[in-house]
Amino acid sequence: MYTVGQIADHIDGYVVGNRSVKISSIGSIHSANSGQIAHLSNPQYRQYLASTNASAVILTESDQAQCPTVAVVVDHPYVAYAKTSQLFDKRPRVPIGVHETAFIDASANLGEDVRIGPFVTVGAESNIGDRVEIFDHASIGGGCSIGADTVLKSHVTLSHDIHVGDRCLLMEGCVIGSNGFGYASEGNQRNEPIAQLGGVRIGNDVDVGAKTTIDRGALEDTVIGNLVKMDDQVHIGHNCQIGDRTIICGCAGMAGSVTIGKDCMIGGGVGIAGDGPLELTDMVYVSAMTFVSRSIDKPGIYSGHTLHSSNSKWRRNAIRLNDLDALHKKVDRLERQIKELLAE
Amino acid sequence: MYTVGQIADHIDGYVVGNRSVKISSIGSIHSANSGQIAHLSNPQYRQYLASTNASAVILTESDQAQCPTVAVVVDHPYVAYAKTSQLFDKRPRVPIGVHETAFIDASANLGEDVRIGPFVTVGAESNIGDRVEIFDHASIGGGCSIGADTVLKSHVTLSHDIHVGDRCLLMEGCVIGSNGFGYASEGNQRNEPIAQLGGVRIGNDVDVGAKTTIDRGALEDTVIGNLVKMDDQVHIGHNCQIGDRTIICGCAGMAGSVTIGKDCMIGGGVGIAGDGPLELTDMVYVSAMTFVSRSIDKPGIYSGHTLHSSNSKWRRNAIRLNDLDALHKKVDRLERQIKELLAE
Amino acid sequence: MYTVGQIADHIDGYVVGNRSVKISSIGSIHSANSGQIAHLSNPQYRQYLASTNASAVILTESDQAQCPTVAVVVDHPYVAYAKTSQLFDKRPRVPIGVHETAFIDASANLGEDVRIGPFVTVGAESNIGDRVEIFDHASIGGGCSIGADTVLKSHVTLSHDIHVGDRCLLMEGCVIGSNGFGYASEGNQRNEPIAQLGGVRIGNDVDVGAKTTIDRGALEDTVIGNLVKMDDQVHIGHNCQIGDRTIICGCAGMAGSVTIGKDCMIGGGVGIAGDGPLELTDMVYVSAMTFVSRSIDKPGIYSGHTLHSSNSKWRRNAIRLNDLDALHKKVDRLERQIKELLAE
């Protein structure tokens, strides 16, 4: 429970109306009830403002005059809504201190006010920053560093020599620093493992989804930029480099040595892999379920998926697709014949 | 080792022949040996009945007369076979009681005859139902409830405020209740996390595969209906709703706010994601590796995958696919020219 | 730090030049510095040999004369490079012995010089081979066997009755032996689980990637051959059989009862699933993101993915694809009309 005034202070806004009104939860502008705070950022929802039942609305100065209830005026209402939602997050915290069942190597360094839960392991020479929160069963190998205020949820694994920045959130069961996939075959010698001698470096404010895997580099490190956000079950191969603020949706996977620029958006289920290293420039958006097999050097939206249809219709079209080149050649032949006919 | 009579009682069938015959394992009707029980449900296997070496066969009344050995007559032989197979499952059980290394919060409630293995954690205010079996290293956050007779295998993670019904089976390493993937970007403010304040509610008799992830909702809960069966490495985004009895095969993934009806079948590797919330009605079957980007409002089978061919052939066709619209336009032009020629 | 002589002995090569030169790390032939060892296996890099700054180069006899520095002559330089990289792997080892927090069933057998980390569980009647190394939080069920020199990284799960060969590497969080996905539906009886009574057998020198899942068989075992290498987030359904030396890249998934031959290469994100059991013969290469829905009986390269393009272009082509059969029929009609016109 917060007052509107407390919320406004948290999101750097000012209140038009009664700062003391109490807010117990968050609602949508068209369905919120008394005691809830809503926000107006999408213009399509402006029609609901006049009749909203919310006790307060977060909005921009230009919408304030139309607000029938307490207004919290900000520059960016959607971002302010996100920050407000964080206030209402009641997730349990690991208590400050080290749980008696955790196993911390004697040479590890723990910062101030760390929170370390049951059955956590921390390896030799690892540095755990101030206020870092580590949930039960997380495993941190040797030579790692974790920046201040970062949170590791249950069952997270950091292999050895992994460096994570400040304010990151590593979600349940993600694995950072498993071996990259590299084998040498030559003559009759097959699948000899190439040791993966690099590590992983993760910037600040990075989120890593549940069960996501980020492999360690072969010689150099795999690098994740600042403010990168990754959803669940993403796979990042060895020596990938992901630019700042790029978003990677669930189940996307990329092979080794893929470089992605800044401010990109990689859709769900996308695959990125080529014969050699690939590079996507800044501000590239790749639609869900697209396969990217060549580099992309111009910002823009790229797609390559197919559209579903009824099975009987699809079956005919899919078979035809495997004759498409022949169809092209046939049409070219018909075109020549028509040209001759027209010339007669 | 069971007698045919014991098996018949377990599957609500009646025996024609000697109830005392001993059965040590399960076989297929065409390859079973003495001491094995087989079943006949698929008509294509009826040809093997007369010559089967099985010591007993589960079948329907109409096939009983042709059975050369002891018959167990039931209405649904395939379901009866499934129930019989459960009798022969020799999987190790966690012993009744709480393992000495488990860490159970003092405010948690444990039902009768619970089985809790090594290194399990149970958070504050969580309720563990009667006869629930929790394997080693499972992590149950605060405020969760688990219904009677549910089994959690090793390394399962339930985040906080997760509700699981009765008789569910959560397989190794699945994660229920990780954060949904939601960020606000506006102006120069980028990727501000939206707190995920909802939980996850899972019905009765639900199976969740190994490494499957089901995200918690943003404001409302993510909801999984009764008798839903999910394979390994499935991903369910925040606020999805999955209808009763729907089956989701391995590696399928769906974005947030996807609603799937009852009795659907989602094939392996399928992706479901659109610009906004999507809805699939009841009894929709989606073929493996299909991308569904629009809602489906009629029951039926839907597909969208491509068919493999030799690489050299595929390369030509795939390139042509990216010229398909031009080909269409060319054919339209040729059609007009032919029309003119025919009109002359 | 090794001398060139020590490295040459490790990779069965001979030195031309000073065996005492000290090597501190590995570099690429075109960018290596003094103190580094490089290798020459790809002919495209031969141009860099004369001017390399590496202190030593691994190469074949035929390239030795052109080497400006110490040469290590071997038959297979790429494989020799892989073996050299292993020398420089400084990954932390679990100490010999059983960590005090590990929970080993009294009936389990431990070989000589095993290394068992914190919070590991080993179930009843399981056999752990000599020098096996098991990282923290790994879970080994009952009735398992693990061959000599195999390594299990953190959070690996072996369910019960799983057999793993010698010198395998099971990466973080993989799950071997979760239930296969099998349910019986008949009449109004829905989704009755079929018990998965088989196990999993894994050969020698097999690598399993992080978060990869290999399901146990229904009646028979799921079988992985020798020297098979699997990347992260691969899924292998029940009763699959994978031939020796086959490589499976990240995020590939296969349904139950898929048989893959020897020396195959399955690309990233590939899906393999059909109406019934599928079989791929030896030496089949499947390109990334291809869906294989029919058996393949000839060695070769197979593809089925689509190529990305700009979104506006793709949208037109993807819609046309769902009219492709109609286009074929139209072209056939035009062809007949032209034939008539030409016959006039």
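Going in written order, the chains are labelled A, B and C, and every chain counts its residues from 1.
Here, a contact is a pair of C-beta atoms (placed from the backbone, for glycine too) under 8 Å apart; a residue touches a chain by one contact, two chains touch by 3 or more.
All values derive from a computational prediction rather than experimental measurement.
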Same or different residue numbers at the chain A/chain C copy interface, by half rule: different
Chain B on chain C, rotation in degrees - Cα superposition, rounded to nearest 5: 120
Chain centre separation in whole Å, for chain C relative to chain A (CA means): 26
Overlap residues in chain A, where contacts from two or more other chains coincide: 101, 119, 137, 155, 173, 211, 233, 251, 305-307, 309, 314, 321, 323-324, 327, 331, 334, 338, 341
Sites on chain C touched by chain B in the complex: 101, 103, 119, 121, 123-124, 137, 139, 141-143, 155, 157, 159-160, 173, 175, 178-179, 181-187, 189-197, 211, 213, 215, 219, 233, 235, 237, 251, 253, 255, 271, 273, 285-287, 290-294, 296, 300-307, 309, 313-314, 316-317, 320-321, 323-324, 327, 330-331, 334, 337-338, 341
Chain B - residues contacting chain C, complex: 25-28, 41, 75-79, 81-83, 85-86, 88-92, 99, 101, 117-119, 135-137, 153-155, 169, 171-173, 205, 207, 209-211, 227, 229, 231-233, 245, 247, 249-251, 263, 267-269, 288-289, 305-312, 314-315, 318-319, 321-325, 327-328, 331, 334-335, 338, 341-342
